[in-house]
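Think of it as A, B, C and D in the order they're written, each chain with its own count starting at 1.
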């Protein structure tokens, strides 16, 4: 029986590896996607670094973050970050949690992250803070219990990015690609803010600009252009490793080059995958 | 019928990929070149990341930034940045627009970018600022309408680099290679200024030094030496990907190694491309 | 006669190359491991850069840092760093000494390194300072004599990380992998602290959080996940060099992919090495 | 007739490419070596980026920086930096001039570069400043005339590193490898100083420590270990490009792996080159 979620597993595996390839996730961190056919379920990798995730690593979870099919493989200890956001936010279909080096200084100081350029506006109108100590006292800082997960989701509220004091960031997206886009460009914005604060006074986007930039950049044009770029960069890296004799990572061939509308040189390169993706998105 | 602009398309595709390879442009940003035979036209890629641009992606535009040949492929939404500068500045034959991480902190704070070393003097005598809010209020910060494009070109005035508040930078060059050179070395100067401001008081070039350095470095010697270096670095990257089985990017073989005057080892390596380039430049 | 320490030599060689590949050690620095069968001995590479270390470079030393088997190959001049810590600390089975760029600014200023995120808590409750000038006056800053080594070990005391003024850092681990983990994540914490101090006031982990985070992250789950990630990254780099015709570095094939419990795609990839490692750890 | 300077050309070509590979020199900058058989001559590449230099690019110059054999290839415009130092300093056998990003902020601010760790002590007891404006007024900042070259050499005086205001750095070495070592580790020290000044008060080496560290690290042990490391890293990069079909860069095979004393695995790898180097050094 063919797996009805094969495309989704491929895309989520690739999203994991893009976030590793672009420097957002190292050994720790994770990204998930809601089951498009059953909103009470989501997909996430078993316990391993994003750079290594393949479609066969992807497991299905209930919103209580329990595996739908019992398993004895190791699971991430912080899955409630994902499940509790999916419970609280029906508009959210993808969640990412990471500890990118440019974002952590904000988590360590409490300095507010503000949108400083059009692409950074993907952070949304506000990036709230969550401090696990407020409700739970001294912990190992991980978000492990349903109560911690629910508290974390409440702190996110209606927003799309949350900073965790002394820990990292969690992001939500209406789609997997939007979540990847937001994870990468908010990190670029954080990098810029670190550098800008060292030389002068910040002049962030006005609320009106932030709203317009967010809408524009998260439209399909911008997200697809960036996705094609990140997929291509990942292809280059992974093709090199495969040519060197390492096992070819699975999942990438099926999602390559989404932008096939248009010129011949591109069309001839990836006709089937482009169509496959187009179909996947229509579902 | 052979394409009379084949060389130009190759060179512009390579310029795109050099700017990606050197970290100036990521998924967003673009570079264009004026049609050397018809100053009312310019060439630019369709809507895609610079790292992916091949000669067949290059389209010809009128100075109103409309495609000369009607097309249904996606186009950049900010082409008026290019068209309106070409209208206003007959001395300009190439325009670049980017969001390099080292330049954005200046766009976010309004701190003036100043020449701090001889190669940074390629920025020209002054780098003005343009704030879209002044004339157009809250927008999505992109330069999309002819009015926005014209305002942006007026802000550039007679200069060669313009900072866009909360957005990025636009650069002009008398040639494509000068525009690439300026885009890269002004970014290096920005990086240096960020670091220098953190430790002491800036001692920038005097106006006389800036003028002499700019003239010297933008002479053909310096630009050609740097171009050979960037082309070689791109060759190394792209040869590796092609050897790994990815389709070989087009356009690079034709512009490789411009510096063929001189010693044998270099001459024997790229005789035809060097001559081809030499011919192209004489036209 | 088979070498009873072949697995250990492989693992120590790989640890050396991981620390190089992750940017912790450049031409200088070293890591050692105590002989698990004879606590009065330890293993360390001969005098060469970590990036180049292979199992055959690994020599056995007494705790006085003399080679067990006389040799005329060059040895590191700072081996007493290792030997004297092993003498003083029976709980320590691995020692690393490095000059990572992110840690050196703390060594140059005396600013205290504090845990700012959960993974940084691997530094332990406190990172003391050792200044060779206090006891030994002007030296070449290297830790060469038994007296210097003993003084350095006293400064470490019961802790797991020590900063050496105007020099670098030394770290201890209960296992080799713990020592690698601590070396890498304390460097990431240092990087974060440098950036955080530039924008605001640090809010470090509470002592309770630091203790809980340290225990959790240094448990086998976290260390193994990170180890798999670093091994995979090293594999990618080394496979590329080997495919290019350079001699394949020895030792990596035997320690690859420790996380073989679980899904098929991973199991089929590295069955024997996974089992070999599992066996090695049981010893 | 075999070239009596073949080994030297190989080594100088490799030194050029090491400095490019380690991020010290980009499109601009150069390194030279004095003719060991005729102190009135030195060798330097023709006008091209260091990353591209091969043995056949190396030309011989008089101390007046004129080519010994007339040539019509392009030459660097700043060769007097080299020739005038060789005239003034009989103890100097190699000169490097670069614009490394970490050093330029010191050139732009006049902040003094001080030794902050043992390897940084290779800068010597003091790093003086030279401002071309003092004697020559507004220039294009390049050191082109014999008078400028002589003034620059006077500013260096008996030291080994000189900062050029608004321009870059020049370094001298008693040998080529020492000059490479000093160029790289003073740049690492500059990077550290930039970061350290952002968080606290510098505690540099005492004069006694600086002297002892400089002597120790510039001894053959340290220089050879670092040279082996840099050569290996260059090998990895260049082997990858050659395997991808690019012409193999010349000169590297002959200087690889100097540290052949000792263990078998290394000996068997590069027997002839090691011996060749050993012979070259005895000359």
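The definition used in the following text is that contacts are C-beta pairs under 8 Å (C-beta built on N, C-alpha and C of every residue); 3 or more make two chains touch, one makes a residue touch a chain.
Owing to the predicted nature of the structure, the values given are computational and were not obtained by experimental measurement.
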item: Type of chain B:chain D copy interface by residue overlap (half), same or different; value: different
item: Cα-superposition angle relating the copies chain C and chain A, to nearest 5°; value: 90
item: Chain located farthest away, centre of chain B as origin (C-alpha); value: C
item: Distance between chain centroids, defined by C-alpha means - chain A, chain B (Å); value: 32
item: Residue numbers of chain A (touch at least two other chains); value: 193, 198, 240, 243
item: Category of the chain touch graph - line, ring, star, complete, other; value: ring
item: Each pair of chains that touches, named by its two labels; value: A-B, A-C, B-D, C-D
item: Chain D-touching residues of chain C, taken from the complex the two chains share; value: 26-28, 46-49, 51-52, 54, 56-57, 71-74, 77, 99, 101-102, 104-111, 133, 137-142, 165-168, 193-194, 197-198, 240-241, 243-247, 250
item: Interfacial residue positions of chain D with respect to chain C in the complex; value: 116-119, 188, 191-193, 195-196, 198-206, 208-209, 212-213, 215-217, 221-222, 225-226, 228-230, 232-233, 235-236, 239-240, 242-243, 259, 261-266, 269
